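Shared between the two complexes below is subunit A, which has subunit B as its partner in the first and subunit C in the second.
Here is the complex of A and B:
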């Protein structure tokens, strides 16, 4: 396997209050502390609300460095480490990443750090406030694994799935049960485009939350997936949920050989197929739309163009939004892990800020490319009474392809 | 310990309870990690003495009234107070030398008014310049405080240190771009200082010019809570031209000519000296590689209307060429200027004596010098740092010298001469920390010997600087007046005590 820039083997060694922090980790903490210009701070959507710099990459790393110097205890830090959306904005902005990462192999990996601190804390017998909600969610996923044969394909009832698994749709628990319109409409779009595909039926527990609780269990599911991809002859994995996509792109190659398997996000895949086949959606949808970048696409894997390009293919549709550069300072508030379950109020305020920015543009629709963003914005819209409706890009494209906007997706779960 | 520092009140449970009553539980932080991370600001610090300067409690006020409540309580109980904004300062202004209460003003980041008619805005001092400019940009306006810490510094800290900006040659520096401000005094009194008794008047002849008194005090007099700031039209053109030189004399002469030509849109001009170029060559991710024959680089930037800048740039090229300067091309100009805020914050820039990459933080000494003092200071600063590098191999590293124009609204006369020193901060112990302080003191003394000022932008309140600045540079009576003012405004010495040698104000 090629060297993974962001893989830090010393993260495997648990930190514990019972032993000193080892030198590699001190260096790791120091690298961010030493910058001190805190480019990671003001770009953080959580800091934007709390204004507490302890809740930033700088704060996380500095508090660990302080503990290494005998100032404070490791287990006292845990509350701090719940204030991370795992959106990756700070990693991308850090000079260690953008100027020295590939040169010195010391990219800043705040998301991995936060997950590590949480699971080490729990492994050391510690508790995390409000974690029961996260555990409940993960248990639901585990339950899903036990019964996934039915649930994982129920969303596709009534849709003709004619291909084999060379091209496999990867639909996780959340999307298969709560964001069903996305795979359902995507599958119908692919049928219209004449693309053959199958549905991968054993995704296991894919939630990034699991990485904060038990990475061995997460790796077990991921390893099984990779083995299955190979056994089933998967060549192209088309991923519906960008949370899964980010994990497949960032995490899987750290641990498993993914050679021969191309992982593609659904909007990239549809866009590519439309271009290959020279298809333009026939139905015009006149309107101006805001578009919200999911952090799992932009800041975490730096692939943000295809949803916009896909909207650009729809006759009459126009994206009117804050400049793309400014987009990257937003998050919907859900985060890429347990954040919304741990800090419901701050998550709401982050989402409210983003929806208000869209409302200020005079649009009534914000397009999203992530089912979690849609779920969060739906909730925020309702609570805040903001006149902006979240709609998935796939819904827009499907409508332009002449597929019913209001799907008749079956009740699931 | 002087009489002034011997009787500080403790941050008791009762004080914490009172703070919580004033600000709400969530805005009073007592956990060790919250306090520990507010022990330092931006410069290499004595990590081995971390606990000695960790505040006892951190408060996050959200309004002027909150600050009034905190200061009244602190004054009544005689508890030290250290204001903290972006904590990007390099003079330890936000370092709580006497512990006590850290007043972290980041929640006070509101934009109260954008007054396009009068080209000013009223903002909370917890606002960051990048964030502010994101709001101003669609209006075609800009607040031109362009510093290395642009992405994270906050206005309150900029006022506290009387900040300097990279493009001050056209737009002025913080004392020029802050029109007026609201300040909370140690006894809780709220005043507004600006042109006379106004908020938006830039120039007034009414009364004393108190705005200057409440700027650059490093939190030793008050906490600024709101400010009215200048707005500028966003420039149509931002040009940055880099020119290679073979030797110091030509680079220095070209700098003089370009700064004294009389350009109205010269935003900055500077020299990267040979050691700085060598340093930047260390890491090709952070600087566009230059051919080995390039020894020195001059840069000038021009901001403004296209119709002004284009002919001025042509004239600037003529001047550079006359002195042997070779234009390094648009890629260098756009790339390096674009990365001016973040290229130095990479700890692996450090090198051991045998050339191996090593973890180092850095500090820059920021002398305010006049033009004819630049050559000798450059030589002396390299000599001083070189000596310490020899004595403490692997602990210190010479990262070269920058020279920037610094006179507001004009290029000539004053310059910032900055020597950047790499420091193996993780290795600090009492001995190497003392060595660092001695080095700083030598640099400060060299500046004062040339009748220059110890600091142009950071402030001279840091250990190693403060005694030289207060007792040598300001020995003409200025420091005596400072002490009287300090004692009058802050009779209990609660405001950022230990800074600027101002404990001496209470010696009797």
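Here is the complex of A and C:
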């Protein structure tokens, strides 16, 4: 996947009560304010629940314009900026991007805007309601750094890891602590395919939440990663968590030279190796499945094919869900940042709506390609009592490859 | 209407000289432009599936921009 670069220099200038907003930034806000289509509103999974226009891309840009014209204060408006899932759907649906972004070389960048406003507000002494929960999560990850080598390789106990770091598995702290079945099963699938790989042991704190709090700290960890990739001779970086994948494809190239490093998402990598080696999963898994496209792959990177194609390789397995374009309006509710920690109740309602859509398809399992989606859906399923089990695509493929493990999915199990 | 455009990599682009005064271009590479084009096609496919019986193409001589 080629690295996608989309950067506005005026985002680098911190906002402050002590000085007026940069005129370039005001023009940016006006470009969205002047649009009356409001497609950003209708595609937003958060707006779908709250029905509050101030929570849309239109609302965020209008808030900035209001502050610049002295008819609003960021202290009063900052709460609006917490209602963004950072899924990027509004960016794609915005006519400024969708119908003219490639022609004018200028597009709407709401995710970057929201992250900037949050961190600038806090750096300027402001507060964000419920941010302590986000800080606690980030502090936990900061605490992992001292022993990260053991933490991000612990999942591999008993699995033969025989290769060097030319092909390196990138396992972040969340996956290493709360989604270990993904790297564990992926590694076993790669072993069955005869692929040699190593494990990258120093990912640092690169959670997207950090970009909403302190981008200098995020850049410190990301910069160390790039230097280490080059020092260790990493040629192919295989990423387990699509949140990290989206950051590597979209954020790293803004600040670092990624030449010579190919970043691949795990499902793309397994699919490519299966095709190269002419391998088809031998065990049939007869069943129909819902499939939830993660926003990171579907809207932020727009590469949603490989998890679906991988399921298509499994004999008997069939996805009966709507295509990726129809899923721009879906979200599991977790979001690609601190959303679920800030708005637990709305996150639950967004997830419930998505899971109910899956249940309406008459399936008992919803496949996902993101450990955060699985975590959120597991929570929603329990709370809502919906009869749809979230299962990672890698779990399905592992089962079809003859790797034995326990699953709670009625169809797969 | 801008009569002069740049045509490369199969896409048309405004002359950068027309984006110097008020609205300025952002830093953007070809991969990002490809992402936008791909997303647009996904969106238009969705739109046609839902709201069109037939998709009309422009006359053949206007279909492909001149290089």
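Please note the rule applied: the second predicted complex is superposed on the first by the 399 of 413 C-alpha atoms of A that agree within 3 Å, B and C clash if a C-alpha of one lies under 4 Å from a C-alpha of the other, contacts with A are read in each partner's own complex, and residues count from 1 in each chain.
Methods note: a residue touches a chain if its C-beta (ideal position, glycine included) is under 8 Å from a C-beta of that chain, and two chains touch if they have at least 3 such contacts.
None of these values were measured; they are calculated from a predicted model.
When both complexes are superposed on subunit A, subunit B and subunit C clash. Once chain A of one complex is fitted onto chain A of the other, the partner contacts of A:196 are absent, as it touches neither subunit B nor subunit C. Look at A:96: by the touch rule set out above, it reaches subunit B but stays clear of subunit C. Within the superposed three-chain model, A:283 lies out of touch with both subunit B and subunit C [touch as defined at top]. When the two structures are aligned on the shared chain, A:107 is found in touch with subunit C, with no touch to subunit B. With both structures placed on the common chain, the touch criterion links A:24 to subunit C but leaves subunit B unconnected. In the superposed model, A:59 makes contact with subunit B only, not with subunit C. Set side by side, subunit B and subunit C differ in how many residues of subunit A they touch, and the one touching more is B. Within the superposed three-chain model, A:383 lies out of touch with both subunit B and subunit C [touch as defined at top].
Of the two partner chains, subunit C is the only one that A:301 touches; subunit B does not reach it. Under the contact criterion defined above, the residues of subunit A that touch both subunit B in one complex and subunit C in the other are 27, 31, 98-99, 102-104, 106, 326.
Contact residues on subunit A toward subunit B in their complex (touch as defined above): 26-27, 30-31, 34-39, 41-43, 51-54, 58-59, 62-63, 65-67, 69-73, 76-77, 79-80, 95-96, 98-100, 102-104, 106, 326. By the touch criterion stated above, subunit C contacts subunit A in their complex at residues 11-14, 16, 19, 22-40, 42-43, 45-46.
Partner subunit A is touched in their complex by these residues of subunit B: 29, 31-34, 36-37, 39-43, 47-48, 50-51, 54, 60, 86-88, 104, 106-107, 109, 126, 128, 130-131, 134, 148-149, 151-152, 283-286, 341-343, 345-348, 357, 359-361, 425-426. Contact residues of subunit A toward subunit C in the complex are 2-9, 24, 27, 31, 92-93, 97-99, 101-107, 109, 253, 299, 301-302, 323-326.
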